[in-house]
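Consider the two complexes below, in which subunit A is the common component and subunit B and subunit C are the respective partners.
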Partner chain A sequence: MKNGHFLTLGIETSCDETAASVVADGRFVMSNVISSQIDIHTAYGGVVPEIASRKHLERVNDVIGKALDDAGVSAKDIDLIGVTYGPGLVGALLIGVAAAKAMAYACDIPLVGVNHMHGHIAANYLEHHELEPPFMALIVSGGHTEIVNVPEYNKCEKLGGTRDDAAGEAFDKVARVIGLGYPGGPKIDRAAKEGDKDSIAFKRVYLEHGSLDFSFSGLKTQALNYLNQQRQAGREINVNDVAASFQEAVVEVIADKAVMAAEKYGQKRIVMAGGVASNSRLRALMEEKAGAKGIDVLKPSPVLCTDNGAMIASAAYYAFRAGEKPDLELDAIPGLEF
Partner chain B sequence: MKEIDQFTRKLNTEEDTRALGLEIAYALEPGDVVALIGDLGTGKTALTKYIAEGLGITEEINSPTFTIVKEYRSGRLPLYHFDVYRLGSGEELLDIGAEEMLDGDGVCVIEWADIVADVLPDDALAVQLAYGENEGERTAEFL
Partner chain C sequence: MKILAIETTGKYGSASVIDETGRVFSADSREEMNHLKGMITLIDEAIRSAGITKDELTHVAASVGPGSFTGIRIGVTTARVMAQMLGIPCIGVSTLKAMAEGILDEAISKDALYVVPVINARRHQTYAAVYEAEFTSDHEKQSAVNIMEEKQYMIEDLLEELRTKLAETDGAKAFFTGDGIDAYGDIIRSAMPEGSYLFADEEIRYQHSEPVARVALRMAEGGKTLGYDELMPEYMRLAEAEQRLKAGTLSDRIKRASV
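Presenting the complex of A and B:
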């Protein structure tokens, strides 16, 4: 507790990022440290994922220390620790969980485990200080494409998800085959602005009538087939047109289904989360389609869209406030569901 | 692993892919590794889905590209589904703790296995998937 504010330390190591943050009263970011942003001089330039447990181990203490320093607080000011315990890669998760448990035990601070996906949704509480459930959430990232009904804090009902590739993964893979490189999402977004989204008729995949699930694998194959046909016919490939047409086919289905879910459950707001929530075309199309139905769209700033500790701190704060019991026996659960 | 007839299959329809997946699943025993090799879009994840079906797994199998591995325990044997697309070498696979899965109580299906071939067991079942003559067709060759 500092100056009357309840301070939560959030720790996140579920995949590529080692991250920690101090958040006041579940809403106000006092510090937000993400290891990939400090270590800009890594040999691989961030292309090779730092999923190795030892990378997290090397960094986790420094990242937590910097999060406390940046916030101008010390461990004794922290009222609660929240840590991601799933879903993710087991070795990576364990480092964050072990660090959090050690600190909680040594400093006598309550510890709660946070579902990474609840964290992504909570990123919106940090951006929009008045936002409260109920609302519909759309989580789109390299690993997830999910529509989730949120009736109250930390209560999540998954309504649909991808049956094969996640949206961000589809972007990365198609970006690679058209030579745009990594990271695919932002590169396709940029190229698409120079291209014609109606130039190639990629088929939208909506699955069964009323389904809120997604499938992007077939679209990836459509793009590959198109490129092969063009090459065989000796025709030039317009990368910007491919990017724009492909992107449109992905985001149109996502926007349609998110709006359909909100209508079905009578939600007046859709909150976006995850790395692909930064995609400018998805943002625009969401506003257009939801707006036509009188539904508001909220989204976090890009730094809160990617994996970070602040969103974990916020989710931990609301779980703790809702009466979740602190747990020093916490274990990592790689396949954790909603 | 039980024996599989190792002739090259033509996978002209989804049903052909399913048949191969079920056949591989039937042959699998604890500790077995299936190494899938093939370009983007040749059906590695699709084949894995059908191997999972053959193992009696009821959960939805989706791409593990982001987290490298996903684990499924609802079937006859545990399935560790890897996608090492984002990794650079076999050493990186061991770095994430794959050793106990490779030599474990379940079976491993590894997409993009050529990237990590140096750390896979010699008796892994290697399947090369490729595009067929016509659109929508694939071939599966045992290496």
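Presenting the complex of A and C:
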């Protein structure tokens, strides 16, 4: 407690960002420290789990220390610690969990485990202070493409998800093949702005009528085949056009299905979350398609879309308030479901 | 002095508290690879059985490896953050050295000259070393002195070097310990001359925090302490992707698989 505010420290190490943050009353970000490893993993063309774990270990103390310093508080002011315990890379998750438990024990602070995906949704509580459930959530990231109904805090009903590649994964693969490199999402977004989205007719995969699931592997194959054909025919490939057309085929289906889900469940708001939620074309298309049906679209600023500790702190705050029991025997669960 | 020692590099986790007189209070688990889940409970039990509170701790020591990468990371991270939050220094103890210390009395009582901790690193690889008991000037306490470097050995190479050493002293015996016995027992039996070696019993074969605490106490007395951010794992091996990157053999297939 400081000045009458309940302070939560959130710790996040599920993939390649070591992050910690102090959040007041579950809503107000006092500090948000994110130490990214992207520069290290770029040399390998993607996240190397063993290296990610090693780097988390080296950085987690200072990231936690800086989160406290930046917020102008000390460990004894912290009322609650929240930590991501899944889903994610097991070796990466366990650094955050071990650190959180050691701190909780050493400083007598209650600890709750947070589902990383609940955290992504909670990022919106930090941005939109009036937002409360119920709402529809669209989570799009390197590992996830999911439509989730959120009836109350930290309650998630998954309505649809990808049957093969996540959207971010498809972006990464195509980005690599057209020479844009890693991380694919932001690079495709940038290249697409210079390209013509209607130049190549990539298919839109909607699956069975009414389905809220996704499939991107066929689209990815189509893109790879297109590139091969162009190369074999000796035709020059316009990287920007490929990026724009491919991106459009991905985000159009996502936006359509998110709007369909909100209509079906009578939700007047769609909340966007996850790294790919910062894709500028997806954001624009969501506004357009949802707006046409009178549905509001809420999204966190890009810094809260990437993995961060603040969203974990917010989700932890609401879990604790709902009566979740502190747990010093918390384990990491890499395949944790919603 | 009240030192907390953590051991998580093998399949069983344990925690001990040692005081300046050398009294040790331990808590250990027989559940395999339960380190992340069980470590705080073990630490709390060890501290309680020592009759102190965590705020009375003066140092946090960890067995830093070699061993299971995952296990090493859990122990080292726990030690680093506890030390940071309690505002006390860390001590980094070599896992192999602590294993040697742990069976030293047993080895001496069995007349073995050398103690050989061997950790299974798969595919005929080991993390190993050879130690010899050395008595201090008062001839009461003995400690393990390293005579063959702590590093990665192919089991066959380790045994060959060891045979050469044993041949220098008539009737000398080597006392093996660690899960390397479980993995390479048959190879050791067929490579070593009859009567030249002994295996530690299963009850004392695996890593434990008690000898970690004993080594840590001597290091603390000698001023060999570290800031929490200086306590680092001793993996003894680069990550596979790093090896490939250095060797220039990082293939596209590996890159894809690692995404």
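In the analysis below, the second predicted complex is superposed on the first by the 322 of 338 C-alpha atoms of A that agree within 3 Å, B and C clash if a C-alpha of one lies under 4 Å from a C-alpha of the other, contacts with A are read in each partner's own complex, and residues count from 1 in each chain.
By our rule, contacts are C-beta pairs under 8 Å (C-beta built on N, C-alpha and C of every residue); 3 or more make two chains touch, one makes a residue touch a chain.
Here the structure is a predicted model, which is why all the values come from computation and not from measurement.
In the superposed model, A:P334 makes contact with subunit B only, not with subunit C. When both complexes are overlaid on chain A, the residue A:C15 reaches subunit B alone and has no touch with subunit C. Contacts of A:G91 after superposition: both subunit B and subunit C are touched. With both structures placed on the common chain, the touch criterion links A:D62 to subunit C but leaves subunit B unconnected. Of the two partner chains, subunit B is the only one touched by A:T221; subunit C is not. Legend: residue contacts after superposition of the two complexes on their common chain; A:Y105 is shown touching subunit C, with no touch to subunit B. In the superposition on chain A, no contact is made by A:I270 with either subunit B or subunit C.
Contacts of A:L138 after superposition: neither subunit B nor subunit C is touched.
Contact with subunit C, but none with subunit B, is seen for A:A75 once the two complexes are overlaid on the shared chain.
Shared contact residues of subunit A with subunit B and subunit C: 48-49, 51, 53-54, 90-91, 169, 172-173. Contact residues of subunit C toward subunit A in the complex are 36-41, 43-44, 54, 69-70, 73-74, 76-82, 84-86, 228-229, 232-233, 235, 239-242, 245, 250, 252, 255-256, 258-259. If you check the complex, the residues on subunit B that touch subunit A are 40-41, 45-46, 60, 62-63, 65-72, 86-88, 92, 95-97, 135.
Interface of subunit A with subunit C (complex): residues 43-51, 53-54, 57-58, 60-62, 64-65, 75, 90-91, 94-95, 97-99, 101-103, 105-107, 169, 172-173, 182, 328-332.
On the side of subunit A, the complex with subunit B involves touching residues 15, 48-49, 51-54, 87-92, 141-144, 161-166, 168-169, 172-173, 176-177, 217, 220-221, 224-225, 334-335.
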